[in-house]
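This report refers to the structure that appears directly beneath it.
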Amino acid sequence: MLAQQIVNGLMLGAIYMLVAVAFTLAIGVLNFLNFSLPGLFMVGGMLAFGLMKAGWPFLLAAAGALAAAAFASLLVERFAYRPMQGGDPEVPLVSSLGFLVLLENLMLIQYGSDQQAFPALLPDLNLRLGGLVIGIAQLISLALSLGLVAFLSWYLSSTAAGRRIRTVAENRETAQLLGIDISRLVPQLFVASALLAALAGILFAVNYQQVSPFMGEGVGFKGVAAMIVGGMGSIWGAVLGGLVIGLAEVLSISLIGADVVNISVYGLLLLILIVRPQGLVGRAASREKL
Amino acid sequence: EEDLVLGYMMAKSGPYVSLANTNEVAVDLAVEEINKKGGINGRKIKVVKFDTAGDPKQATTALRTFAQDAGALAIIGPFSSSEVRTTFPVGEREGIAQMSMASSAPGLTKGFTYGFRNTTDEGKVIDQVLAAVKDKKLPMASGAAAYATDDVVSKSIGTVVVPKMFEKYAIPSKGAVDFQLAAFDLSPQVAQLKQMAPDIVGLGSPPEGAVNIAKELKRQGVSTRLIGGTTIADPELPRRMDGAGETLTIGTTFFPEVNDRTKGFAAEFAKRTKAAGLARTEPNQMDASVYDIVYLYAAAMEKAGVTGDKAKLAAERAAIRDQVAKLKDYPALEGSISFADGDAVKPVYVLEVKGGKWTLLDTRMPN
Amino acid sequence: MALLEVSSLSVSYGRVAALADVSLTVREGEIVTVLGANGAGKSTLLKAILGAVPVKGGGITFADIDLTRAAPHKRMAQGLVLVPEGRRILISLTVEENLLLGAHMRTDTGAVRGEMNAIYDRFSNLAERRHMPASCLSGGEQQMLAIGRAMMARPRLMMLDEPSLGLSPLFVSKLFDLIRELNAGGLSVLLVEQNTGKALKVAHAATVLELGRVTMAGEPAALAADPRLQAAYLGGGSAPAH
Amino acid sequence: MSGYLTGVLVVLAFNVMAAYAVYLPLAAGQLNLGIAGFMAIGAYASAFLTNEYAWPMWVAIPAGSGLAGLVGLAIGFPVLRTHGIYFAMATFALGQVISAVFLNLEVVGGAAGYPVTDYAGPSVVFAAAAGVVLVMLLLSRTRFALYLTAVKSDATVADLLGVSVRGMKVAAFALGAMVAGFGGGLYAHHYSFVEAQHFNVLLSVFTVLYVLFGGTQTVWGPLVGAAFFTLVPELLRASDQWRYALFAVFIIVFMAVRPQGLVTTSLFRLFRRRPAEVSS
Amino acid sequence: MSAALAISGLSKSFAGVRAIRDLSFRVPKGVTTALIGPNGAGKTTVFNLVSGVYGVDAGRIEVNGVDVTAMPSRKRITTGVARSFQNIRLMPHLSVLENLLVGQHVRASSLKALLTPYRLVPSHRWKREARDALEETGLGRWADETVSTLPYGVRKRIDLVRATLAGASLLMLDEPAAGLNPSETNALRDHLTALMAKGITLLVVEHDMHFVDSICENVVVLNFGEKIAEGPLSRVRQDPKVREAYIGTDEEA
């Protein structure tokens, strides 16, 4: 029983983890709390659903949804991020939330506000080990997520492109003075984080066989929480955070009850932040040199 | 010649949109039918509409608009329990009747003389569902409850109604699991239910929760009968469960297959919703309820001899209220309706999912 | 041969005109210095040449290519580099990563390593701290890093915006030696300096900006002798009223 | 005044109070994403006092506000160890925890909500909102407001100049919580009903949205932002299902054109400067 | 008479690098003192330790006879020491005048001063003082500008004025003349001389030796965090250790 719940928690955590990494790319690198990401997550799931309903095969539908999310993200970059440069870091929050509302309402107009059933791709393909039920689809998505994250982490820390990205993260203007082509690098990052979020949305739809125009909100907030628990800007922190949040959620439901799940999950987040303001693996900001 | 103005609070946007956006078609249909037959007391009914988005604050604004600006005689709606909680006190102060089509939380009309609901208390509904299950000699040797904790109605079903009914029908309870409305991952809860292995699970939840739990039950290979009240009564539910949820049994206050009148209504409704480009073309219980609300008000206005004269507005509003409260065995679309303590008393249709479709198991009158 | 040709350049920030009709030429292998009071527009000029601020009028030609509207990275690909005012080192990166960043457009990784070691030899303060975050450097050390970073790009024209700022006298001498040395190796230099005397000494040509306009230009020696310049920039007279 | 206008203006009044609750800490650079939690404290506490102890409303609502402020003060010290987005997330979590606690608190009705007997009419709401705006305007003219901006701009230097950075932040946070609690208490007594579900994340987030949209550089921003967010959806009522989509497009385009929000200091300068330039 | 600043046995390391080693020196009241040394010698670090940006590893710091070694950074300005910053640190979103008002904080820290809506009073005492200070230094026309767009030299002077408005008796200036041209340096010199005349003690970090020569009576030379020489500049600059580490042989310095 407990073993099953831990498996359930890890599977849930895998979804949070991808969203958290998408947020990490946006805020850790671009210093942009991109609230359109939950919307792009939703676009991933919802559009994959819509295209399959229109008769497309799954892989094609997924590719279409990813492409749409990438395109939407480029619009976010153009209209929410680019004009806000040099302002307070909170400001882009407004228009990125505007994008979230927009995407949700567009999907709502197209497909209705109902939760819809996403067709089962691998019907009832479950690994049964003793009493343990592990969904193959979930296992595949966990592996896929971890692989992607590992690649990203290597890319950012060890390549010249990664250095350029970190330069933009620290100071856009300086990056420009150093001849970094921001007008290409930044949109690329937006596309990358959109692809992660949308992929998470597709995996979510496949795993839980449901989509809805509002599916991004709950997961989005948990994703931000996961990123913060792990420590902002650290990709492996986001992974750890995602798993911690997933486990905390499932275990508190099964051990105490769903009415305390918000108290325990967010209480844990609060506690972690108070004890370690920089997150689990984040480095404490040292006092700046004058 | 004045029209008889009714205010109508719609929830055409916001969280209830998929349940509520077809209501307008039903209201328009009822008004058209009545006006075609010559209206009430020789006057036509006119409906003024306001989209509240299911938000209590906007519902209050709607109520003030109807009462103070539009000269409404009575109000159709509001939709949700939260809206009812804020608009009933204002309606009481303004002296104008309201009748909700969807709010089914316990005790909402208590203490209000102008507040009505054309809905049935979930306790009464589930009582009839269990009675039907017992009558049909279906297995019910042990039970458990599953409910959403952050929704008033669902929670009271899970924590109050189901335990009480299990006691009434002598069903030993194996326990309860709960979840959040927004939860998509019900694997922990179902893992617990699997251990309990009950014959029936009393479900307090909106349709989404029912879909999710039915699917997860299927995934984890658990077979049990889910039973529930009107909160799950979505005509589309069997399709949305996509093969899961066989034997799910619920009570509702409307079923299109009952008689010619309901079939006729469903057909006309389908025509109009299709023409309006709406996603759902099958009427749900709220559509039927709101359709009947127009008729109930019409009956009350007729009895009260309402003229729509602006000078007599306050008196006529009070008269409508008094007549609604006194309605007995009114032959409505949903069946025979009477009012007791502000709430409608009407038949309960017990439905079961069979072969991926709703089928009528039994029709019962709450006692 | 003219390497950089700035003609009738105008730049404004909103309604404030920062540069008006500024022309300037840097020939291949030459050191040109730009002098002027605070707010005269010197930094703006360098940034405009790099493309970091949009120009309102005029043209910029570098190595016979018109770059007036090109993006900064395009200009740097042609061999322009700037040591910006205020150093602008990246404090979240290590000292070494900052240096590597200077060479981010280059593909000859082997040569880059070698040049980096040469810079460490020259600036021993940096060598000791190569794996520390650049935030811990002292003011002068940050200036060294900024210069080193620009050298890593292996430019044809290096623009320096007040490079001696915050450097010790000994180091200022070393800096000017370095500029001479790089120049001798073929590098052209556009130098903005408050250390007017030293700047005029190394330069082949000088331009004076006042409130965004060129007021004097010519031979450094001649300028140094000019009484107006003496008064304003060589400490010969009292402060001009603001 | 028509019933419709009254209804809309009441909503506006509540949005304005919420906006200033967010604005105060934001002026010191702290994004409070849990403001709904503090509104809930004020709402439940004051409703409890009038319902169960028959306190008069004009005592109970300030008491609820004070309690929200005290909670803000007590929580402020540990939570303010965090910065930036971490702080925003900590307050977000705090808001979630507070509303979840009320959702499970059976003495105030739990998930069923809590009806409130005493009633505060529209004129009371208007007067209260006007009072809040007035206090904010006065406050914005003080050194306190100046220090909040200083702390936001450069906390290290503000500290070296002797400004108590921690004190300012905690004060702004607690004052914001007080304003939120005040609005919450009034909300409970105007709408005669409180439910924890109302005080959710979206309420907090949308309030932050008004404020940023209006602009945080001046004290007028929150007012303008709240007015915009209350009134424009009303104007778009006719557009039906496209209402919120259009509204979202509107926000995006507006912010792209005026990233610092609608009301900025430079806007004020522009107005102030013109006559002087003409005369000189 | 007690010293304006007395430092004894001061040490500070960063991640194993010893930035300050057993440093002791005094700045007597009214004696303008320069702290010089090569880049990275630890001059700014001394300022940071005195103003409390970092805690000390060992040693003792006294300002006007008050031991501030363990005092929180925020309180130190109350003992009469204020500073400027090597990388100018003004509050970019505030106007010039408002920056100065923040600088007055130590003298206006009562609850009443905090909550008085001074901006409603057209010519409030504090505002008037700040404006006068700006006029005196020829910065009057910038008073209502937002700081972020001002030229470097102007910002530099505002930083200095802000430090003086704290009413401190000891001012620590970190490279005040850096980035100024000779005529601006002259203006700065006049400004500082006026401050000295008001009885304010200056401790100056500066690389411009002419400037140091013209205002400083005493010079402390640091190298690798240690004091290598102390005395009047004319004597110190002859010291071979100083020449080798700092000035070089270039006679222009």
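The first chain written gets the first letter, and so on, giving A, B, C, D and E; residue counts start at 1 in each chain.
Quick note on the criterion: contacts are C-beta pairs under 8 Å (C-beta built on N, C-alpha and C of every residue); 3 or more make two chains touch, one makes a residue touch a chain.
Everything numeric here is computed off the predicted structure, so don't read it as measured data.
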Quiz item: When you check each chain against chain B and chain D, which touch both of them?
Solution: A
Quiz prompt | Pair of chains joined by more contacts [C-beta pairs], A-C or A-D | solution = A-D
Quiz item: Among the chains, which one keeps its Cα centre farthest from the Cα centre of chain A?
Solution: E
Exercise. Please compute the C-alpha centroid of chain B, do the same for chain E, then give the distance between them in whole Å.
Key: 75
Quiz item: So, what's the distance in Å between the C-alpha centres of chain B and chain A?
Solution: 37
Quiz item: Counting in whole Å, what is the centre-to-centre distance of chain D and chain E, each centre being its mean C-alpha position?
Solution: 41
Quiz item: What is the distance in Å between the mean C-alpha positions of chain C and chain E?
Solution: 28
Exercise. List, in ascending order, every residue of chain D touching at least 2 other chains.
Key: 103, 156, 241, 244
Quiz item: Among the residues of chain B, which ones contact at least 2 other chains?
Solution: 149-150
Practice problem: Give the residues of chain C that touch two or more other chains, as numbers and ranges in rising order. | Solution: 136
Quiz prompt | chain D residues touching chain A - in the complex, by the definition given at the top | solution = 26, 29, 31, 78-79, 81-86, 88-90, 92-94, 96-97, 99-101, 103-104, 156, 201-202, 205, 208-209, 212-213, 216, 241-242, 244-245, 247-249, 251-253, 255-257, 259-261
Quiz item: Where on chain A does chain C make contact in their complex?
Solution: 160, 163-164, 166-167, 169-171, 173-174, 176-181, 183, 288-289
Practice problem: Under the touch definition given earlier, write down the residues of chain C that touch chain E in their complex. | Solution: 13, 16, 35, 37-39, 43, 85-86, 125, 128-129, 132, 136-141, 143-144, 162, 165-174, 194, 196-198, 231-242
Practice problem: Report the residues of chain C in contact with chain A in the complex, numbered from low to high. | Solution: 47, 50, 52, 71-73, 75-77, 81-82, 84, 88, 90-93, 97, 100-102, 104-105, 135-136, 149, 153
Exercise. Report the residues of chain A in contact with chain D in the complex, numbered from low to high.
Key: 27, 33, 79-80, 83-84, 87-91, 93-95, 97-99, 101-102, 105-106, 108-109, 217, 221, 224-225, 228, 232, 259-260, 262-263, 266-267, 269-270, 273-274, 277-279, 285, 287-288, 290
